[in-house]
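One chain, chain A, links the two complexes that follow: it is found with chain B in the first and with chain C in the second.
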Partner chain A sequence: MVSFLLRRIGIMLVTALCLTFIVFYLTNLPAKLDTLAKTQAGSRISDAEVASWLDRNGYSQPMLVRYGEWLGVVPGWTRVEADGTQTGRCNSLTAPTDIAATPERCGLFQGYWGNSTRFRAPVSEVISARLGATGLLMMWVLIVMVPMALIVGVLAGMREGSRTDRALSTFAIASTATPEYVSGVVFIALLASSSIGVSPLLVSWGWIEGPVLFQGNARSALQQITFWNFALPVMTIALFGMGYIARITRASMTEVMTQQYIRTARLKGVSFANIVLRHALRNALIAPFTVIMLQIPWLLNGVVIVEVLFSYPGFGWTLFEAAANNDIELLLAASVVAVLVVLVTQLISDIGYVWLNPRIRIS
Partner chain B sequence: MIDPLGWPAILGHLFLQLWPVWAGLVVLFALSLTYKRRLGLYGKLFDSTVGMIGFALVMFWVFAALFADMIITHDPLGQFSGMRNAAPGTPLRDPAGGFEYFLLGGDALARDVFSRMVMGAREVLRIAPFAAMISFMIGISLGLPAGYIGGKLDTVLTFIANLVLAFPVILLFFLLVAPEIQNTAIPRVMAGILFLMPVLFFTVLLNARFFTQPMKRNLYVGAVLVLGLWAYSGLAFNADPLGVWGMSPNLLNVFVAVVFVNAPTVFRIVRGITLDLKSRDYVAAAQTRGEGPWYVMLWEILPNARGPLIVDFCLRIGYTTILLGTLGFFGLGVAPESPDWGSTINQGRRLLTVYPHAALAPALALMSLVLGLNLLADGLREESLKD
Partner chain C sequence: MTHETGQKPKLHHAAKLYARECQDGRLSRREFMTRATALGVAAPAAYGLLGLAAPEAKAQTPQMGGTVRIQMDVRAQRDPRTWDWSELANTCRGWLEYLVQYNRDGSITPVLLESWDANDEATEYTLNIRQGVTWNNGDPFTAEDVAHNFERWCDSSVEGNSMASRLGAIMQDGQLRDGAVEVVDDHTLRLHLSNADITILTGLADYPAAVVHPSFDGDPIRNPIGTGPYRPVSYDTGIGAIIERNPDHSWWNAGNGAWLDRIEFIDLGTDPAAWVAAAEGGEIDMLYETTGDFLSIFSAIGMEQTEAITSATLCVRFNQGNPPYDNRNVRRALQLAVDNAQVLELGYNDQGIMAENHHVCPVHPEYAELPPLEVDRERARAMLEEEGHGDTEFELISSDETFHSDTCDNVAAQIRAAGINIRRTILPGATFWGDWLTYPFSATSWAMRPLGVQVLNLAYRSGEAWNESAFSNAEFDDLLEQANGIVDADERRELMARLQEIMQEEGVSIIPYWRSLFRHARADIHGAEMHPTFEIHYQNYWMS
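Let's turn to the complex of A and B:
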């Protein structure tokens, strides 16, 4: 087990290294750097000014050297201006006058994530604040999605081919066919519009005080989460994710229900409710567990779409802003986080699968 | 001034306007139901209600895309005075002999939502099935040897596939589909590698089968090479001497990104099935006969894996449609003014709470197409499990 874990963690590190290099390469293409210089120093600067801006800010070195700087294995760049002041990658860490105290290397291995050019703040601050906001969103998504998906799947799978099964399976298929940008738009139009949908009706009946039932903008959820400003984003993500989990649960449940021990329990005269709850459920939930874990990275896509759609400034929104502005170090940090989420959930799903299913042993 | 239409009249006009689609569907279903016993798996689809509903939804959009020129009521890119954010059923101020109403209203730039929605089907169906097809050929050509031969090859290919899959799709899109990237060699190089796969696939496929009959082999493989390399030169490098095949840099960029995201998943599925099937008796029989590894993979294992692959193919077209919508939603890689559904939703969402029709129409269109593909896949799965 220990060697299995060590090997997996080793593969994780290699994967993360490869991926960050790819991100680094793609964000540091000459054309992208030009865009960055123009967004930072003014959109109408000449090519010579672009080159000098890149040179002054340490972007003119070879790409591999700068990747090493970012990792913290190569000394950070330094530069002495004409008036004798020294600038450099690591200078922002200490007071500008105190050059002696500036560390030679500053990068990932030293725990320094760089500066965001879009938000003009250290990347670690930006990312940790935004991750907190997204963590809250994800927590509610999982709280809503997982029980709903499991209930739908188990109810559909316990009597294969019945009318309940047909109805619930169709619902599950329909939910997988509705991406977030569709369901979000439909939800807002139906529930959060002051001119059409449900809200004007409720206002005219005098049932609600404000102009709309739900808020179409989730920014106020940063201060205080209420049902009315958070329900729509959570439902939008949960709806797309739940269909797949429900279908896997249904498949797993129908398979379990045909097993010998279920037949034996039936012949003994155990009631149907008892068979489902006592005998079938535990075995039927092994497959969905791994799927739920693997679904979490997929939710990240939904998170980006929903946070942009509902303007909720979380991790997904930050990723969108970073990508739109070619904020290199923020984008790198975001991809490290995203890749870690993917790999850690994979690891948990593998371990959980073995743990839940005693027939499988890691050799 | 003519009065605006009410909803029953709007629906009536829509129904009439879509007549080529209804005609196409009626003919197709009549023919298919008549001859369904002779049509193999396709015919069996008509035994399952779910499958038929899904197929009808998919074909609705296929016909809509095919006959789009006859269906649209106005120029999808044209702007009409006084029609900005017009409600569904608003009459035009100056129809000038054309159609008198905006059936589903106007968008923020005073263009007809209905015509844009119909034209959007063409945009989507031009890319999604082909991107899914290329992804499948790549997944199959790499997944079969990875599962069948195994060893180092399997380790390397699986690592690369997992690497791509560990990327969040949206991040990859933001990195790969950008105006700056289009001007570099990256999309061309990727297209050069990805589009070569189908040519190799068919060459190896036919060579493995016919290499004992050199005459036939030379004919078939030669034809594939001529046609394939011709299309390849045009699609990947825009260097087709006759100018038949070609793709705008925008489209190529989107295509490559979508294929790149889809292929690793297909690879994993094919590899899994191959690992399962390679211990079967018919594989052992072929090996004993002395068949080569490519023959066994492509003519023994692949045909027996077709059931799950066909089902996944339908799902993958749906998923590709969703991905294309995502790209449009973030305004990536689409031509300005393009009527594709994703970017129409994106443009419509700014005024969503006041004028929702501009975003709702393409949103529901996209959902119905993907739903149709998913139902079709479900029907196919059910029917293929029956034998």
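Let's turn to the complex of A and C:
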């Protein structure tokens, strides 16, 4: 077990290293650095000013050296200005007057994630604040998605081919075939517009006071989450993931329902409800558990789309902003977080699988 | 020329012209009201111009209190002189004030100045600094502080310092020229220019010209020392900024503004659909700018639309270095076939006002009125035949940006309607802008500039780098040189009339319309009309 964990963590580190190097390479292409200088020092600066800005901010060194700086294995760049003041990569960590206290290296290994050029703040602060917001969103998504998916899947799978099965399967396939950028827009048009959809009807009947039923924008959820401002983003992500999990649950359930021991139970005269709940369910949940865990990284895709669509500043929104503004260190940190999410959920799914299915052992 | 404290801006010259057109029946009353108010004339005064009493002309007195939430990009802050987006300036306007201010009617009024004088050659300016102004840390505001700002603005070694490009007349070797700024006494400053320049005051009204304290270190949020009545509470790039009235500071203009308790800028991203959703949910009260199809959507959900006339335009210009456009009659004939009103309506959805084939806009203080243009397709065709171009196929090139190609499509359609052969070519933007100066017949968009002479200097003087029409006319150059030395707009107008006429007579360019800017805000927010350079003077807004 311990060696399995160590191996997994090792793989995780190697993956993170490779991925960050790719991201680093792509964000440090010369054209991208030009963009960065222009967003930082003024969009109409001349080529000479771009070169001078890049030079003054340590971007003119070879790419590998700068990747090493970011990792913390190569000493951070320093530079002495014409008036004698020293600037450098690590200078922002200490007071500008206290040059002696500035560490030689400052990178990932020293626990320093760098500075976000888009938000003008330490990357660690930006990421932790935004991850918190996304954590809340994901929590509600899972609370809505998992029970819904399991109920739909189990109901559809207990009598294969029945009318319930056909209806629920159609619903599940439709929901998983609708990408977030379609369902989100449809939800807004249907439920959060004062001129089309259901809101104008409800207003004319006097059922709601405001102009719209739901808020089509989740910015206010940053201060306080309410049903009305959070329902649409949560539903948009949850519906997409739900269909897939429901299909897997249904397949697993139908398979279990054809097993010998279920037939034996029926012949014994156990009630159908009892068979489903006590005998079939636990065995039918093994496959969906893995799928739910694997679905979480997929949901990160949806999070990017939904957070941008509903202007909810979470992790996905940050990733979008960082990519749009070529915010190098923020993108690197975001990719590390993404690797962590993928591998940690896989780890949980492997361990959980063993626990659910005694036939499998990790050696 | 002296501007006294508290002097009301004069009624805009063009507003009077519009009033006459309206009385002559050439302009509908509704159209007149739109244009006059867009030029900064208050609605009751606009009715007054027509000799009518304003309907329910209640003199409303501003009320204290309230919070306004504004949708706007909240970008990472930096040193004001390096600002490249007016959004950056808008958040800080509450505490970082300006020496002078550019108004909706195109006039410049003093803020931290009390008044200014210029000599007759426009080479020496005396700036009288306002008395009784203090910084919000208690320091008095003096001429030394202003001199320090001039030094900062003229330091072109700072990357992206765009103020340096506006103050060339007091600079030398990329720095402030020694002796160019003379501190006469505590509240008087004199600028000695190396050449006549009448645009220097408009440069000081531009958004990067915010006046900062001598201790300023480059971050206007962390170190918000300013002279204005507000202060920042929080600033999160990409998310929002909150500003509140500063209770610890007595503002020099107290009683004439700072009505709102709190201003929240909310950044909802770049998709206007998200803004609609937020406005419908009651989360924003006002927009930074509304564009295109969203104008009618925001009006439909009950927000009020305001318009600002700007001198931004699209010039469908001929390049006189290329035959057959070296022939004046060919150019005139093509102009004669095009009805600018139709171009505005069909090519630009009526989102602006009609222009008259010369590059001076009614919002410019020196704009002179000329007789309306005529459209005569038969004569256009006849003129071309006389010149031997009856069967020539002309080619009109434009970039693929929607309003460029729509406008040119309409111009070409009208020329075709006169029985003239014309072909349209649409190039991708990246390809088009490589050769924009040299196409024989193409369309170029020009940005807003506050004075009429500015674009004439850039684009129509012989041999200028941006002279895309290859226009060269000795009389024009001569008159323009004279106009550049006249500070007073009314005096300058006499020369402008002739300059504008020359542009029309020579058939330099088809300039069909002036593009307007639009903004939507809730009806209970007052003073928040759209501004031609996107300025949000929230210190003058109030809610009822």
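As a working rule, the second predicted complex is superposed on the first by the 363 of 363 C-alpha atoms of A that agree within 3 Å, B and C clash if a C-alpha of one lies under 4 Å from a C-alpha of the other, contacts with A are read in each partner's own complex, and residues count from 1 in each chain.
As a working rule, a residue touches a chain if its C-beta (ideal position, glycine included) is under 8 Å from a C-beta of that chain, and two chains touch if they have at least 3 such contacts.
Predicted, not measured: the structure shown is a model, and the values here were computed from it.
Engineer: Go through the superposed model and pick first if A:Leu300 touches only chain B, second if only chain C, both, or neither.
Structural biologist: Once the two structures are laid over each other on A, A:Leu300 reaches chain B alone.
Engineer: Using the touch definition from the top, say if A:Leu137 reaches chain B (first), chain C (second), both or neither.
Structural biologist: Neither: A:Leu137 stays clear of chain B and chain C.
Engineer: Thinking of the overlay built on chain A, is A:Arg219 touched by chain B (first), by chain C (second), by both, or by neither?
Structural biologist: second
Engineer: On the A-aligned overlay, A:Ser194 touches which partner chain: chain B = first, chain C = second, or both, or neither?
Structural biologist: both
Engineer: I'd like to know which partner A:Leu29 touches here: chain B for first, chain C for second, both or neither.
Structural biologist: first
Engineer: Tell me the contact category for A:Ala334 with respect to chain B and chain C: first, second, both or neither.
Structural biologist: First partner only.
Engineer: By residue count, which of the two partners contacts chain A more extensively, chain B or chain C?
Structural biologist: Greater contact footprint in residues on chain A: B.
Engineer: Using the superposition on chain A described above, determine whether A:Arg120 touches chain B (first), chain C (second), both, or neither.
Structural biologist: second
Engineer: So, A:Ile275: does it touch chain B (first), chain C (second), both, or neither?
Structural biologist: neither
Engineer: Looking at the overlay, what does A:Leu309 touch: chain B (first), chain C (second), both, or neither?
Structural biologist: Both: A:Leu309 reaches chain B and chain C.
Engineer: Let me check the overlay on chain A: which residues of chain A are in contact with chain B and also with chain C?
Structural biologist: On chain A, the overlap between the chain B and chain C contacts is residues 185, 188, 192-195, 212, 216, 308-309.
Engineer: Given the complex with chain C, which residues does chain A contribute to the contact?
Structural biologist: 41-45, 49, 52-53, 117-121, 185, 188, 192-195, 210-212, 215-217, 219-220, 222, 229, 308-311, 313, 321
Engineer: Using the touch definition from the top, list the residues of chain C that touch chain A in their complex.
Structural biologist: 76-77, 82-85, 159-160, 162, 236-239, 266-269, 271, 273-274, 276-278, 280-283, 300-301
Engineer: Spell out the residues on chain B that touch chain A in their complex, using ranges where they run on.
Structural biologist: Interface residues on chain B, with respect to chain A: 50, 159, 162-163, 165-171, 174-176, 178, 180-181, 183-184, 186, 318, 322, 325-326, 329-330, 342, 345-346, 348-349, 352-354, 356, 359-360, 363-364, 366-367, 370-371, 373-375, 378.
Engineer: So in the complex, the part of chain A that touches chain B is made up of which residues?
Structural biologist: 11, 15, 18-19, 22-23, 26-27, 29, 31-32, 34-35, 169-170, 173-174, 176-179, 181-182, 185-186, 188-189, 192-197, 212, 216, 297, 300-301, 304-305, 308-309, 319-320, 323-324, 331, 334-335, 338-339, 342-343
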